[in-house]
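I have a structure I would like to understand better, so I am pasting it below and will then ask my questions one at a time.
Chains: A, B, C and D, in written order; residue numbering restarts at 1 for each.
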Amino acid sequence: MAPTLTAFKDDLSPNLDVIQDYAKFLADSKIMGVLVNGTSGEGMSMNVEERKRVTEEWVKAVKKTNQHLMVQIGGAPLPDVLELAKHAESVGVDSLLCLPDLYNKPNTSLDLIRYLKTVGTAAPNTPLLYYHIPSYTHVHIHMGQFLNDSVGKIPTFHGIKFTSTALDEGVAAVKANGGKYAVFLGADQLMAGAYTLGFDSAIATTLNMFPQLGITILEAVKQSKLDKAKETQDILTEVCAIVTKNGPWVPTMKVAMDLYTPIKVGKAREPLINITAEHINEMKVALKTVGINN
Amino acid sequence: MAPTLTAFKDDLSPNLDVIQDYAKFLADSKIMGVLVNGTSGEGMSMNVEERKRVTEEWVKAVKKTNQHLMVQIGGAPLPDVLELAKHAESVGVDSLLCLPDLYNKPNTSLDLIRYLKTVGTAAPNTPLLYYHIPSYTHVHIHMGQFLNDSVGKIPTFHGIKFTSTALDEGVAAVKANGGKYAVFLGADQLMAGAYTLGFDSAIATTLNMFPQLGITILEAVKQSKLDKAKETQDILTEVCAIVTKNGPWVPTMKVAMDLYTPIKVGKAREPLINITAEHINEMKVALKTVGINN
Amino acid sequence: MAPTLTAFKDDLSPNLDVIQDYAKFLADSKIMGVLVNGTSGEGMSMNVEERKRVTEEWVKAVKKTNQHLMVQIGGAPLPDVLELAKHAESVGVDSLLCLPDLYNKPNTSLDLIRYLKTVGTAAPNTPLLYYHIPSYTHVHIHMGQFLNDSVGKIPTFHGIKFTSTALDEGVAAVKANGGKYAVFLGADQLMAGAYTLGFDSAIATTLNMFPQLGITILEAVKQSKLDKAKETQDILTEVCAIVTKNGPWVPTMKVAMDLYTPIKVGKAREPLINITAEHINEMKVALKTVGINN
Amino acid sequence: MAPTLTAFKDDLSPNLDVIQDYAKFLADSKIMGVLVNGTSGEGMSMNVEERKRVTEEWVKAVKKTNQHLMVQIGGAPLPDVLELAKHAESVGVDSLLCLPDLYNKPNTSLDLIRYLKTVGTAAPNTPLLYYHIPSYTHVHIHMGQFLNDSVGKIPTFHGIKFTSTALDEGVAAVKANGGKYAVFLGADQLMAGAYTLGFDSAIATTLNMFPQLGITILEAVKQSKLDKAKETQDILTEVCAIVTKNGPWVPTMKVAMDLYTPIKVGKAREPLINITAEHINEMKVALKTVGINN
């Protein structure tokens, strides 16, 4: 599943026009699920109205491509989160992903269950997933423990996105509740290892611009072709290192998207910092050395 | 300066009707400054529209009381923060307080300066202060360093609210830039010590319901009556311990407000958890032992 | 490689008598390397004299078994570390592992390089490895960065033990300096994943009492038998969860050693807390459910 | 009380010869208590034998000066800590200060109580204090809570050294157990504030080389001369900033000791880094601007 980037115009307003092509581009690359308004989608840098419009455009787009549409509705004040949840359900998204409250953070599984239950009541017919990304949220509730604690407590609860490199905790999450929850890996550099340990899916930014690498890794592991998995993972890890060498994750990945795909997503919004033309050129030159040409 | 609590009705919608009385109650207690939509005001649990309406009502109220009105406009996605800044200036607030971005957090003084500069451009004629509260934001930029770095970089920049118990850092902030920035202490339990070290003002929640204690401490330190300062601080610290014994800061302080003042602020919004009737009673009984009666 | 447990008598003095049998037991299980006086060996709970005697006994033992002998000499005041380094070289150990200074901790790669260089001068003919275990040391220097920075700076430097679950950092360490450093994984639960990502060796406590599991995982990954690797890892992870359910890692692992091998290692020293007879019984019952019988 | 610096010769072996003069110098400055082998004394960079010899020499010295002698015996493997405790009692020190175990750290009040109880049994007739210094130990047990939990649990327990700037926690420690425990502040820059909040004593490094400043602050607060207290604290805080500007606390304080007192303490041991001659000169020039001349 690809965590889509939100395209912005030169004035940094959302460019909705690219979404149909974007959906088709991913579908053509065999990416049959998309996550919208997540970290890569700069959801936390948009207001409610903008997030709704982006969501609506993706709803239209996936009608043609039959992709699964997950929308991230958290990371905003709770009244806005509830409004976004209700809206997302009303326009027919397939699933919801939700960050914890960013200010009055949950300290315990119980706090988090209560919050997700409240969010779930605003979209009672749509599967809900929790977005675990402690490097951004500083919420360190253990996902194995939380998933076991949550069983039967949140009617629409379906699983998590696990964006962390602590794979022991990730494996505990995969195994929690008898393995019945969905646990999406959010760590491009660890796919091969995580699949070997029991993960079976990822939401990884590089699936946007280098989908073949991530797909190959999953296929290779499934077919027990470990050399192929490792070799492809090595390339993907190197690609990530090169792309993000001179700036934060999202702005640099947006540059890679513009360079290596027909979909133009433009610059990232503040407070993120975009990289210089010189660094963009450096990225291109370095990616050539690992066989990636634009 | 009192960080006001936002009154909610039984349906948890903002109760704007109490604001005029609230302002007068504080003015009658010699509290001549108010902070609106901060942590105590649950600003991060309201949407943009609600924050605007609360702000507008306080603008009306302070016209009669001549209190200084500071409004916290941060802790939301940046487009909303800019909208709130612009609105606050347009309705005539006296100063702005602003949290850092809660998701794409600043790592360096430079990041924070850039963010505040952007916020400042949306309200170019209103003094802007930064809200340092690392226990909520996990932003640990050193305030002494930051204030020195910020000199001359943000046209409207005026100072900070320092909500931390690391008083060495607080003193460094007070002394930064030759002592020219405003540095408001946000730690009820440390007032006497902080005033002795160079602070000269606080934004402390207990100024809402027990204003006499905080005022007495400041007066006593100013008059070099250290025994009086220490003794009063001891009572205030004990009061804080009793009030917050069975729940989080804001919901328990709201209970104290309802019990000990004529202003009724009601319950706190989710994700905060309100305390039980039993715990409310326990609070009353314990506060009697330190001479506080309702 | 097995990080050996230090056997204590009932009076908690080191029981040197078991060491010859211990070495042979591991060698019979195809474990051809041992680490002595590490975390599992309670090196940081022994004085210099005790650590020397344990080392000497292992030197004797491995002469018969031909195992590689690595000795952990850090985690003590620097004069003691230097004395232990010198002693270890003088008695002929094969390699040294060294924690950072536990009090005046390194903040940067440079600090750490300086420390290891000093340690290395006390044993100039013995390969030296750094022991990265941030959950104990709170030293969070990035191992990929550090290894690249260290190239050519420490004459005897040979690699690290990577006891962390942050596998992205681990992979960066494996690839650092063109992959020329030894990087031993110290995370029993992640072996299958780490081997898939490029690790090729581990120092894992469970190799002491359940050597077959760890060996099978490594063999299976080498032979690209992913189902076998995953299935065995699942059992090992479950075994770790059961063993450590009611107490800290070392005392519970010592119990498992006593229960499932002929080598009796006795209780752990303070400040570690040993588990109760009731919990020992619970462990036995639970391990039976995953096919492990004593 | 002064936390003494350990003098080292050019070969970095302890220089015991200065201790008698050192004790007299402090006594002449009205410093009637000394702490030996603490952080400033580089206790964690010495072996057991060295710590014993330094202790013995101080025992001799204080016999003439009648100073209270507190010795820090922790920060080493537990067998060494017990040996140091026993030794200190046998040579007649007045009190013991003890760090937590630096490797197998306590997680709870209970863990810490158990550890201190064990240490106390090795010196059953000497008052024992706990050394709280979380910036070095990463042990964050709340001292107010811990002191209340410890009541009646450790026969020789007497109080703590509180080396932290979180004064709210410090005040809670001062008030714990009805105020019956000794709580020494370990923060030169916060003395005036801490005394106002209820502290009544400090163990502050600058009492070694600038004793008049610290003494004046305490006297001024006792006499309710707040302007004097604040003004002197401002100077002391500035002095600390200047001294430590170009290096870590201990090596820079040793330089100040050598420059401004007749006691020569020499360089700091590894892993601490000593500052350059150029930086020493810079320190001298800057201290002149605040009226300190050598």
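The rule is simple: contacts are C-beta pairs under 8 Å (C-beta built on N, C-alpha and C of every residue); 3 or more make two chains touch, one makes a residue touch a chain.
On a predicted model such as this, the values are computed, not experimentally measured, just so you know.
If you take chain A and chain B together, no chain is in touch with both. Each step here moves to a touching chain, and the least such steps from chain A to chain C number 1. Among the remaining chains, the Cα-based centre furthest from that of chain A is the centre of D. Centre to centre, using the average C-alpha position, chain B and chain C are separated by 51 Å. Chain centres here are Cα means. That of chain C falls 36 Å from that of chain D. For chain C, residues touching at least two other chains: there are none.
Touching chain pairs in this entry, ordered by label, are A-B, A-C, B-D, C-D. Of all the residues in chain C, the ones that touch chain A in their complex are 165-169, 171, 175, 187, 189-190, 192-198, 221, 224-227, 229-230, 233-234, 237. Residues 39, 44-48, 50, 75-80, 83, 99, 101-106, 111, 114-115, 118, 136, 138, 248, 269-273 of chain A touch chain B in their complex.
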